[in-house]
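When the chains are written out, they are named A, B, C, D, E and F in that same order, and each has its own residue count from 1.
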Amino acid sequence: WVPQRARPRRNRKNATMRGMVRENIVTPSNFIYPLFIHEEDYNTAIPSMPGCERHSLENMLKEVGEAYNVGVKTFVLFPKVPDELKTNLGQEAYNPEGIVPRALRLIKAAYPDSIVCTDVALDPYSDQGHDGVVENGKILNDVTINQLCKQAVCQAKSGSDVVAPSDMMDGRVGAIRDALDSEGFTDVSILSYTAKYASAYYGPFRDALDSHPGFGDKKTYQQDPANGREALIEAALDAAEGADMLMVKPGMPYLDIIRRLKDATPLPVAAYHVSGEYAMIKAACEKGWLNEKDVVMETLTCFKRAGADIILTYYAKQAAQWIEQDGLY
Amino acid sequence: WVPQRARPRRNRKNATMRGMVRENIVTPSNFIYPLFIHEEDYNTAIPSMPGCERHSLENMLKEVGEAYNVGVKTFVLFPKVPDELKTNLGQEAYNPEGIVPRALRLIKAAYPDSIVCTDVALDPYSDQGHDGVVENGKILNDVTINQLCKQAVCQAKSGSDVVAPSDMMDGRVGAIRDALDSEGFTDVSILSYTAKYASAYYGPFRDALDSHPGFGDKKTYQQDPANGREALIEAALDAAEGADMLMVKPGMPYLDIIRRLKDATPLPVAAYHVSGEYAMIKAACEKGWLNEKDVVMETLTCFKRAGADIILTYYAKQAAQWIEQDGLY
Amino acid sequence: WVPQRARPRRNRKNATMRGMVRENIVTPSNFIYPLFIHEEDYNTAIPSMPGCERHSLENMLKEVGEAYNVGVKTFVLFPKVPDELKTNLGQEAYNPEGIVPRALRLIKAAYPDSIVCTDVALDPYSDQGHDGVVENGKILNDVTINQLCKQAVCQAKSGSDVVAPSDMMDGRVGAIRDALDSEGFTDVSILSYTAKYASAYYGPFRDALDSHPGFGDKKTYQQDPANGREALIEAALDAAEGADMLMVKPGMPYLDIIRRLKDATPLPVAAYHVSGEYAMIKAACEKGWLNEKDVVMETLTCFKRAGADIILTYYAKQAAQWIEQDGLY
Amino acid sequence: WVPQRARPRRNRKNATMRGMVRENIVTPSNFIYPLFIHEEDYNTAIPSMPGCERHSLENMLKEVGEAYNVGVKTFVLFPKVPDELKTNLGQEAYNPEGIVPRALRLIKAAYPDSIVCTDVALDPYSDQGHDGVVENGKILNDVTINQLCKQAVCQAKSGSDVVAPSDMMDGRVGAIRDALDSEGFTDVSILSYTAKYASAYYGPFRDALDSHPGFGDKKTYQQDPANGREALIEAALDAAEGADMLMVKPGMPYLDIIRRLKDATPLPVAAYHVSGEYAMIKAACEKGWLNEKDVVMETLTCFKRAGADIILTYYAKQAAQWIEQDGLY
Amino acid sequence: WVPQRARPRRNRKNATMRGMVRENIVTPSNFIYPLFIHEEDYNTAIPSMPGCERHSLENMLKEVGEAYNVGVKTFVLFPKVPDELKTNLGQEAYNPEGIVPRALRLIKAAYPDSIVCTDVALDPYSDQGHDGVVENGKILNDVTINQLCKQAVCQAKSGSDVVAPSDMMDGRVGAIRDALDSEGFTDVSILSYTAKYASAYYGPFRDALDSHPGFGDKKTYQQDPANGREALIEAALDAAEGADMLMVKPGMPYLDIIRRLKDATPLPVAAYHVSGEYAMIKAACEKGWLNEKDVVMETLTCFKRAGADIILTYYAKQAAQWIEQDGLY
Amino acid sequence: WVPQRARPRRNRKNATMRGMVRENIVTPSNFIYPLFIHEEDYNTAIPSMPGCERHSLENMLKEVGEAYNVGVKTFVLFPKVPDELKTNLGQEAYNPEGIVPRALRLIKAAYPDSIVCTDVALDPYSDQGHDGVVENGKILNDVTINQLCKQAVCQAKSGSDVVAPSDMMDGRVGAIRDALDSEGFTDVSILSYTAKYASAYYGPFRDALDSHPGFGDKKTYQQDPANGREALIEAALDAAEGADMLMVKPGMPYLDIIRRLKDATPLPVAAYHVSGEYAMIKAACEKGWLNEKDVVMETLTCFKRAGADIILTYYAKQAAQWIEQDGLY
């Protein structure tokens, strides 16, 4: 017998006790399910994201329904835009008959109490492959903001519940808030990509939407992975500008940032479990090196533990199905 | 022109400015390089960890030398023990002529100012595949501690600079400290696996050492991934018991825990970038879905940002070589 | 239209939205139900605590059953001891045939998966009306501890799941832990009254057990209401001595202390909603000045919000019944 | 002798030592004394608040004088407005010859260095019994703000030192600040009801002013008792909008919120010890279940300890008298 | 042998180990070098600041060059203005042919990648010896701001990289930011004197520039040394108004404020090691009571440890020379 | 008029308002007055500490009386020991007829309710000029502790109220606590020099006691000025070992450490305003470069603001006299 007073293993001694002291659980209501959509009437597989597809609008509705049935009721739409509609100013972004407005109307009509979020950013519409209007190799901040405001208002008019600016232009949250309010949309929420890092984990997403930067990189607007304090600057600004929720992207490599935002701001925090993270799990599991269900459910639990109230994940439907089968993890 | 005062992009406008405000850097001196060793006189590849091998002692020395030349001067040894030497009590763990004591003496003789760490745990020596002595399906806490004390003293006698108990038995840090001190080894440091989680990311490591649990799981001693506050209980106890450094394992899925430990304790914090994390990157890069160098260097930067002073990574030598070629990231 | 960006009322606009952003809920599993017991075979009303009674053992079992059926499964026992059994040393406290051991055995036999907590303190057994052995008007610390250790071991032998020292003698948690462990009760938990204040809110409880101090006050051992930092000293010591849960008493007037303990320690935090708080609500509601159900459920919610994982309240059964009727608050 | 090192009872051993380590004291200068006023020339008792009365203006001056003489020099006025003056827009609120402006001029003339605070809110003037203008059952935010601005300016012109908006409309602090400044009142301070909860503890106050909500409840503007983080959102906004002091209401059930605001903002924090809290103490003391002086002075000490720099309490005069008699508590 | 587990001396046992655990280092790139300039063509010694001189523009350039060669590349200019150019409105402050614009152009021409900061304040130009325009003995806040805006724009036009308002008028950071932006200088940074205290340590600086207050003191705008929370109010406002870096002044007597700002804001923090601090070291060393190099290098290390990213010090060149000679401290 | 909402200057507008918002005050009861004593029957001036003297015991009593009369009632004694009494083991430190025990008895007899603290350390008694017993150039930790225990017990027997170990040997607080308790001195307090830095600011003190290190430096036991986290390790250990108060030394260059200790531990924090700090002020004031009263009172205020509850300063008597003359600062 080794004298000692505290024995933390006392709280792990069996499954019941571990259940009693569990600090966090994951439920389907924590998820936002990202859906890729395109103008075709068939689905297209995305090789670097096995199990994900670009959906036709019809199939998108079916996918929404399946997710809805297992408790995932929040969605975010990412369109693949034909090259011929892309311009430097990305005007297609606020075409009221564009693919996103149509998709919005379809989902809200079929599932009125779903929550549909829409991406506010120019890159799917840009012939430069950047998140902003380009001039002499520079990404123009304030010109871009004006485009984003038009895009957000267009989405609000088509029924978007939450607009989600993903571009990291300075001041775009406040400008979008003003634009929405002046059109009477004071009830539309803003989910801001507050701390979006210039990361190597985005590759497969860009494959999915064919949206790789046309030149250079995104380091003049996205954050440096080496920086944590900088995310708190962004968070304070977004809160002051009227953001309702703050997002960190990517997710797992930035769990500490999620924790810091959760501690530093009273707003809800979201995390984006990005394409590269998804691709890594898929690749390792295909080879039999990891167990997919175990790794995925642990990983999503880690997001909650880090402080994420909301998780955007390509595994949303699958994880909800596993929860339905197996009970809460 | 959109009126706004703070413009965080001002600090990202070009590479020079980004350099000025970078909050963290990674250097080879942050790394601990884990080395698998076995009794054979040849190396054996580990399929689920491409690029890693179980080394013969001779090759181990060569690997140490290569890492040393690019600035990685700290190592930790993990032995594969032949099945015939495994017992429930794991007595081979404190055989002064065992593979670890011999390896220690070799490295310290050849590289006297290297720092060699040794794993204190029974699982490589256990015929039960558990981190403790087993009785009626239970992992005995205090009996195990007594074995660990003998193992730690044996390693100290063979020249270990840092003993690293990885087992999560309650009270083992204090007991090992007392055992070391009573033998005069007050200068040998303890790197405690403070927050070691019951994770799905360990599979490939267990492949490497052929040390899968013989029955059940490790949830009665390793932490539940859902728990963050619990890690602070462990940290407070380890500090009080005399640990010199605290480790979190796995790494990336637990970056928030690294941050919380760094904030809650004044001790240095280490992170273990585990086999499953390594395997995922390798698998995705083999398929061409991610860029290995970019993803690895970003990931190691994320560990530093989260608060890790020390990173155990299978990429230690490779990352140091990239740093040598490209300059600091 | 008044230009402004953040509008917190957006999150309060209707019941659904308020439900989505609610930060805390109260459930019956958060409660510990205190039960007064005596040696009589009838119940006795307690005038200053309308609705509370000293129970005969038979009625105690019935009360346990009723609470159990609405989800309250944790109890704590407070005995009224006949004057003739009271002594300065309080030896009756560890009489294995005393009222508490008998009550324990009854409850655990009838409701084996209930959790029964027992009060470790001398005051119900003291002819001095103090929490410690008295000598020359002083409350002797270390002599008292020895008595408490005997009491705790006696309770553990009778089936206590959790011993709860309520006396504020220095060092009693560690001594009780050692005593329990040396008798093999490493699995019995300790709920420490960590921050027990010298409060004017205890009067009715002392009426209930006829345990008013025989002389002087309790200020040489209970905390000064003016002090908050001091509670953190006590919390650190209790954690180091092996407490599993930390309690603050009284509750509502010390909600800030609950918050500080929750932030400063990773252990679970309990709060005692004391007799004086209960009496105030009862008195005001009798007069029709407050609505009892509304005030009680709000108050219990406040405990959760402040950080209490566990609430000891005389309203436990009643609140659980309200929850059953009305759904979660 | 039980070996142990820290002994916190060392600091409690006698009254002198307890005095040395006391962390907080309460003084009359911490109090704001709320005064109910009406147009009658006699006082009217308020049954649910024994000891409190609606004062005639003449008696109000006398009450101010008595409080002033024991060191309470700050007051806040709450008028009972005759029903025939109540409207949906509450125009009486900015009648320069209304009861509040007249009361202000009386007090400031007689006690020029007193500090007189005035309530900025529509509910005493509303025929709807709400804090805002009502339209189709909704409480209109921005229309209400415009009325509040007129009310605040009217009060400033009559000599108010501190205007105290108590209504929880979004953005009213900033709008009032702008209105005051544009009229040259940059030196008039704002004490914002930052975290005002939808509480069951307000009943007796509404009795006092006959201001119960005409329909529904106040949950679309007052905060949910379950929420703590939400108070930090309000605090950040009020600070940015120019509030000089932040108030939490009610007091005792929200002591943790006081602590969190004190830690999260550098502004002074005030607490409102509300009518329901007052009524509970009175009711329990009338029955002889609690000792009034002990309970009141402990409770006020708890407010200071929680972090309140300023306490609004109906006990202000009485507590100051007790302090004068007995010395500081 | 005294049993004990943690032994912090383990980390101090020799110089190598101390090097490993050192938490902070000082490098020349942390320094900003303040330079006094005047219109004469010779240098003038400043008696109360031995080793410092008011430089002619020619010698200033030489001094810049010497500092630059040891790694100090950032400077801040303080002009002595002839009495005949001083007015209440300080119009000379924005004379494009004034001494500061000329000095700026000289340095930027000779050392284009140096960073030159300029003081934004009226006191060197004021015939009242105050930091603001005076009217009836009052320092006018908003009138002063307008002058500061003109001064900042004038400096930006002459090449200033960083404007540094040192006056503590409310709202001047935001107004300067707006003025700079509206002239197209969105890339010019603002280093705000966020927490400038009304200190007795400024005497020798005022000797250097002959800028003692003409009447009264500066307590209506500079902070009270007794206040720490107040600095956080200023920091939050400056951040919201667009400051890029926050300064604390003086330095050593306010190291705790540096720490609090570093913890409370994500912006970089600067510290001003002021003239009085410099004079004290010089005086004590002249007498042989302290060792200058040891005391200075320790003191600068203390600034870094407290959280200063940037140190304004008259020892900048000297310290950089010592670092060059002796290696990093 | 420049639109802005918060105006911090509102709280500085005149002396009354500044008084209302002042966060800290300094009173004589915050001071501990250090007294140098020697065996001579006359006083000897200390050149590097103008105004300080080594006192004869008779004059010491007179000095105590003068300080006592202005409210300074706490003292700490530092003896100059004749060289012929110095040894490596420093046995004179526990001579019951040594100078410190005699001085203690004199003061406690004349001023029974003063608090007299005594330095526990070997350096004044060591012929090596070190704080510990020396062997082969090493400072022996545990051998030294045994000597310190004897010294502390000897002082307690002579009436010391507070023993103050100043040596930084590991584990000496706990060992002294055990030694005192086992002799029945559970009521004697320990003021630990928790964070004593290897500083260049100690020179004049060593002049005063003729106690310069005989060889080398003190870096193997005193802390590195570059380290802040390390102080928190020491603080946690001292608290666990039973220290009642924690001291930081030196004072002004370590104000951030005072803040961090105050935030990280609930114990009272003391600061030592050391000889070098004193000498600097004296030297600069002699030259007329600073105003002594202003600089000293500001500096002491800074200690309080940083978090020091207790200040050891050679200015104790002088500052108390200034406070008596001028009122509180």
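In this text, contacts are C-beta pairs under 8 Å (C-beta built on N, C-alpha and C of every residue); 3 or more make two chains touch, one makes a residue touch a chain.
Given the structure is predicted, the values throughout are model-derived calculations rather than measurements.
Looking at chain D and chain F, the chains in contact with each of them are C, E. Among the other chains, B has the CA centre that is most remote from the centre of chain D.
The chain with its C-alpha centre at the largest distance from the centre of chain A is F. Here the spacing of chain D and chain E, counted between their Cα centres, is 44 Å. A straight line joining the Cα centres of chain B and chain D is 57 Å long.
Separation between the centroids of chain E and chain F, computed from CA atoms only, is 32 Å.
Counting only residues that touch two or more partner chains, chain C has 1, 6-7, 11, 13, 21, 174, 229-230, 233, 239-240. Counting only pairs that meet the touch rule, the chains in contact are A-B, A-C, A-D, A-E, B-C, B-E, B-F, C-D, C-F, D-E, D-F, E-F. Looking at the complex, you find that chain F touches chain E at residues 1-2, 4, 6-9, 11-15, 18, 21-25, 48, 141-142, 145-146, 168-171, 174-175, 199-201, 203-204, 219-221, 223-230, 233-234, 237, 252-260, 276, 279-281, 283-284, 286-291, 294-295, 298-299, 301-302, 304-307. On the side of chain D, the complex with chain F involves touching residues 1, 3, 5-7, 10-11, 13, 21, 174, 177-178, 181, 186-187, 189, 239-242, 244, 268. Of all the residues in chain C, the ones that touch chain B in their complex are 239-240, 266-267. Listing the residues of chain B that touch chain C in their complex gives 229-233, 236, 240.
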